[in-house]
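First subunit A sits with subunit B, and in the next complex the same chain sits with subunit C.
So, the complex of A and B:
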């Protein structure tokens, strides 16, 4: 019988082309609006590193002002000080760890044709590449020895490799940065984590850095952060040394822990560390250390734009308006077909049969609406690109994947069925006799 | 009038009534809140920075030869820029309004570590700063050339003089006029005293969504380092011509530096409010689309409703009702439905707004948006029903006597 209902549904649609197209259009527009915003939200709140996201933990210590939380109501700072970062690194209590910060270097390619240019850089310890599963085209990162010996090594990205070395395997070659030669130890493949989870403080949707070199080298060169630096008390000593010994926060510290036991053990270690610092007069605030894995950290930092959430709410209400329209249109169709229904009932169709027929018809309309809705979603995303085009990361937000496409169709069919419930129930209630009299 | 019969008729046939009323209610809730957001963002975007936006541009000079003498280079650069044709003035500073990145420190009324301070944006300038930015000095005086000090990464102490904006003065001394802050001493870095020698009308901070965006202070310091920012103000109309000239002049004046990040103040504003501007356009589109959909929906539902009652209309006409009376009947019926819709809509709009204020920290809507939306939706409803109602008047009385 199901295929018979589908046939009936299709013929009914053909007989009422205007009403049916209006219904399909209403559903398509509502689905288009919803799925456009859902697509953006889905990508922005996606997991940037799904196979490792529950192994990587971001460390927060509350080294802040006793009279004022870093962030209301009682949230610790989002970055760590040099003192704390290096102390935790030296303690080595986690399986793997990385301390890094954003800075800048000027690359001076050889030859007179190529002019020097500035590159976004990250000053980091060796663990960065393994922990964050960074893909390499050639070579690899460096090891702990290189860190300890302040070796001048560098990892560059594909684009810089193209620009400076013509795209060939440049491992082992020298790259001059700020007047000094660094040995290339690796070239990165395309790497595009969305969001840039390891440093959400300085632009969660920025591109990753172009150049990576050892933390120890950066400190030796007295390089500061090109990201956020916040200090709750003035720097005590003089110069860079004073800055390093201050309570200014400017770097990010991540650890890798497997399983709940390791997480708790590490948290206990952090608490013990802070206690020892309190004995030295630091950490005036109550104990407030945090260990958040990747998704917890993204959520804590509210990486998804508030505007997206607002639009999500409005888009769903928009869908409801479209569905109300659909209910009205379905009711109109049922009234028009009243004679038809009465006839079928008189010939012996049960209420259930009538119900099934019209529900299937609504499903077919929902399906059509869903497919058209996919086109509407695509249009909507193009519109978003036009509106927000100046933001670099928009291109990544408007990609539709299969999950979104299927969700559109499912949402459309479900909404159409929900909208059809009342009109179909009305259809079943039509008395055969009332219709046959007027025929 | 005929409100009695209309109401009773509606009660008998609730479906159409509920559908239209509900649609109007949800539409109103969306419309009111969307327009509220549009208003809020538009107001944000129209705030003046206080500087001469049309004629200012800036760039960064990055020296990568570690042995360079920064002070000499900067002095030479500023002289060259200031003497260039078309340039009115130039200054070396850390940031510009709306840039997105900058320096803020806390100012206190009393010295001491435990005193709560007020966050204020800092602009490190020399005596040409005020003229370069084009801000309005409304009280006191500018810095003298001999009051400006060179600082580098090593220097820690804060100069003893400062010029603040009206916003800063009003926050520090809320019960006094801004000018009264002249001569007062406030404290930075917990205990370093700064005497206020001037008050500037307005100079916004670098962060447009910061609650303290109107609080800035000009500090008489030149911070020498390898990467410095030059802000340049041209004579009116010369900006586009002068920009590439200055860039070339600086880039070719020494081989160990890069010029980068050249932007106009106008573009900086555009970038700063990019998301807000986009949100406004998006929401406007949604409101228009929504109104169209609701209007068309009402046309559809009204036509349907009229078509169902052709016999009734015919009967009334046969009994002597005039065409205008039929028209009035349907317009009035729609008015009652719309009224229910907008009243429900008003409640829904307020509820939605309360939730959004809670959840997303938005602002409460202005009260007049509700009656404005009500009137709009009444109008849309009446307009939408006019067509079907007109068609209803054309139903011939003879229909009453037929059984079809």
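So, the complex of A and C:
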């Protein structure tokens, strides 16, 4: 009977094109508005490294001002100082650890064809690539020896490799940055974690860096940060050395820990470390060290802005309004077809059969609304692109996700079925005898 | 057979109580062709609706083909209606956007027949009513008489025991009305019990027996006696 009901549904839509179009449009507009926001929320709140997100922990130490918390309520700084980052790195208490910061380099391609250009860069320790499961097209990252020996090695992304080396396997070739030659050890394959979990402080939806080179090299060459740097007290001492010894926070420190025992042990280690620093006159605030895994850190940092959640709520309210309109239209349709329902009941249709017929018809309308809703979602995202497209991170949030496309259709059908419940119940309640004369 | 004993039907509103049927008793035997006549508002259509399980009654006993329908729920009444009863209406009541074939198909679908069985029955019915070549036509492409023939085909496709007709010739000219009555007579001759509500004395005479309904009651003594005799 299902195919029969589908046939009747399609026939009914053809027979009442205006009413049916209004219903499809009401659902499509509601779904479009809803799915546009859901799409953005989905991309913003996704797990950027699902198979390792429970193993990777962001480290926070409260080295901040004794009279003023870094952030309310009593939150420790979201980055670490050079002193603490290097001390924790040297201690090596975790399975793996990475200390890194955002910087910038000028790439000077060989030959006269290409002019030097700026590249977003990350100064990092060797563990970065393995710990964050970074995919390589050619070669690999560097090893700890390269860190220790301050070797001039570099990992570049596909785009830089394409631009400078024409897309060839450039491992072993030399890349000049700021006048100094670096040996290419690896070329990244496409890598686009969303959000950029390892450095949300400098923009959770910014693209990953184009160039990676050893932390030891950047410190030796006194390279500063191109990301956020915050200080709660003036820098003592002069120049770069003074800055390194300051209480300014500008680096991200991550560790890899397996299981709750390792987490507790590392937390205890952090507490012991801070106690030792307190003895040296640092860390004037009460003990407040934190270890958050990837998704905890995303939540802590409110990567998904509260405004988006408010928008999501408003979008669902709008969908409900659209569905209320659909309910009204369906009721009008049922009223118009009361005679048909009465006749079918007289010919032996049970209430169950009438219910099935109208619910399937609503499903067909919902399906059409869902398909049109996908187009509306696409239009909505394009509208955002037109309004805010100049912002790099916005462009990354408005990609249509296939999971969202599927969800749009499912949500449309479910919404239409929900909207159809009351009108269908009304249809089932129609007394056949009262309608037969009306035909 | 169809047996009604002391059936009452009362319509109530907040202020008005209307007796549509009062102690309505009737016996229709297997294979009978019974006409039901009476003035407007006498309760003929209410009787037909109750007989066709389209409406519930307030009190009394109603047995359809040996089954007491008083305690049946809506689902069982629908199934029983589909299996036992065929309807013919004054205004044909064909579904305008379905072709002739699909109109006849409606009750068979609800009966759960397989596709091949439905097709066989529909083709056979269309042949019987002389519209074998019109299967793909829409109702609006047929004359009134032809539409009523389609309605008869639809009513009979499920091989019901009872055919309930409400003014079946009311919307037809005399020639077409005669043709439809001939068809009903043939159907009755083949064994289908027919109960026909009509205003037309000439048509009522073509039935084997006439029931006169007045003020919600069967006013002739004959049916009551008939029932008493059968009960004994």
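Methods note: the second predicted complex is superposed on the first by the 422 of 439 C-alpha atoms of A that agree within 3 Å, B and C clash if a C-alpha of one lies under 4 Å from a C-alpha of the other, contacts with A are read in each partner's own complex, and residues count from 1 in each chain.
Here is the rule we go by: a contact is a pair of C-beta atoms (placed from the backbone, for glycine too) under 8 Å apart; a residue touches a chain by one contact, two chains touch by 3 or more.
Computed from a prediction, not measured in an experiment: that's the story for all the values here.
Asker: Specify the partner with more touching residues on subunit A, choosing between subunit B and subunit C.
Answerer: The larger set of subunit A residues in touch belongs to B.
Asker: Under the stated touch criterion, which partner chain does A:220 make contact with: subunit B (first), subunit C (second), both, or neither?
Answerer: Once the two structures are laid over each other on A, A:220 reaches no partner at all.
Asker: Touching A:414 in the superposition: subunit B (first), subunit C (second), both, neither?
Answerer: A:414 contacts neither subunit B nor subunit C.
Asker: First (subunit B), second (subunit C), both or neither: which does A:1 touch?
Answerer: It touches subunit C, and subunit B stays clear.
Asker: Using the touch definition from the top, say if A:350 reaches subunit B (first), subunit C (second), both or neither.
Answerer: In the superposed model, A:350 contacts subunit C only, not subunit B.
Asker: Go through the superposed model and pick first if A:178 touches only subunit B, second if only subunit C, both, or neither.
Answerer: Only subunit B; A:178 stays clear of subunit C.
Asker: According to the stated criteria, A:268 is in contact with first (subunit B), second (subunit C), both, or neither; which is it?
Answerer: Neither partner.
Asker: In the superposed arrangement, does A:403 touch subunit B (first), subunit C (second), both or neither?
Answerer: A:403 sits against neither subunit B nor subunit C.
Asker: A:11 contacts which: subunit B (first), subunit C (second), both, neither?
Answerer: Only subunit C is touched by A:11; subunit B is not.
Asker: For A:429, select first, second, both or neither according to whether it touches subunit B, subunit C, the two together, or no partner.
Answerer: neither
Asker: Determine where on subunit A the residues touched by subunit B overlap those touched by subunit C, and list them.
Answerer: Touching subunit B and subunit C on subunit A: no residues.
Asker: Which subunit A residues qualify as touching subunit C in the complex?
Answerer: 1, 4, 11, 15, 340, 343-353, 431-433, 436-437, 439
Asker: Going by the contact rule set out above, which residues of subunit C touch subunit A in the complex?
Answerer: 49, 52, 54-55, 74-75, 78-79, 81-83, 87, 89, 91, 93, 95, 97-98, 106-107, 109-111, 154, 158
Asker: Would you pull the subunit A residues touching subunit B in the complex into a rising list?
Answerer: My answer: residues 22, 26, 29, 33, 67-68, 104, 106, 108, 116-118, 178-179, 222, 233-235, 238-240, 242-243, 305-307, 309-311, 313-314, 317-318, 320-322, 324-325, 327-329, 331-332, 335, 383-384, 387-388, 390-391, 422, 426, 438.
Asker: Show which residues of subunit B lie in contact with subunit A when the two form their complex.
Answerer: Subunit B residues touching subunit A: 15-16, 19-20, 22-23, 26-27, 29-30, 33-34, 37, 62, 64-66, 113-114, 116, 153-154, 156, 189-190, 227, 258, 260, 270-271, 274-275, 278-279, 281-283, 285-286, 289-290, 293-294, 296-297, 300-301, 303-304, 307-308, 352, 356, 359-362, 403-404.
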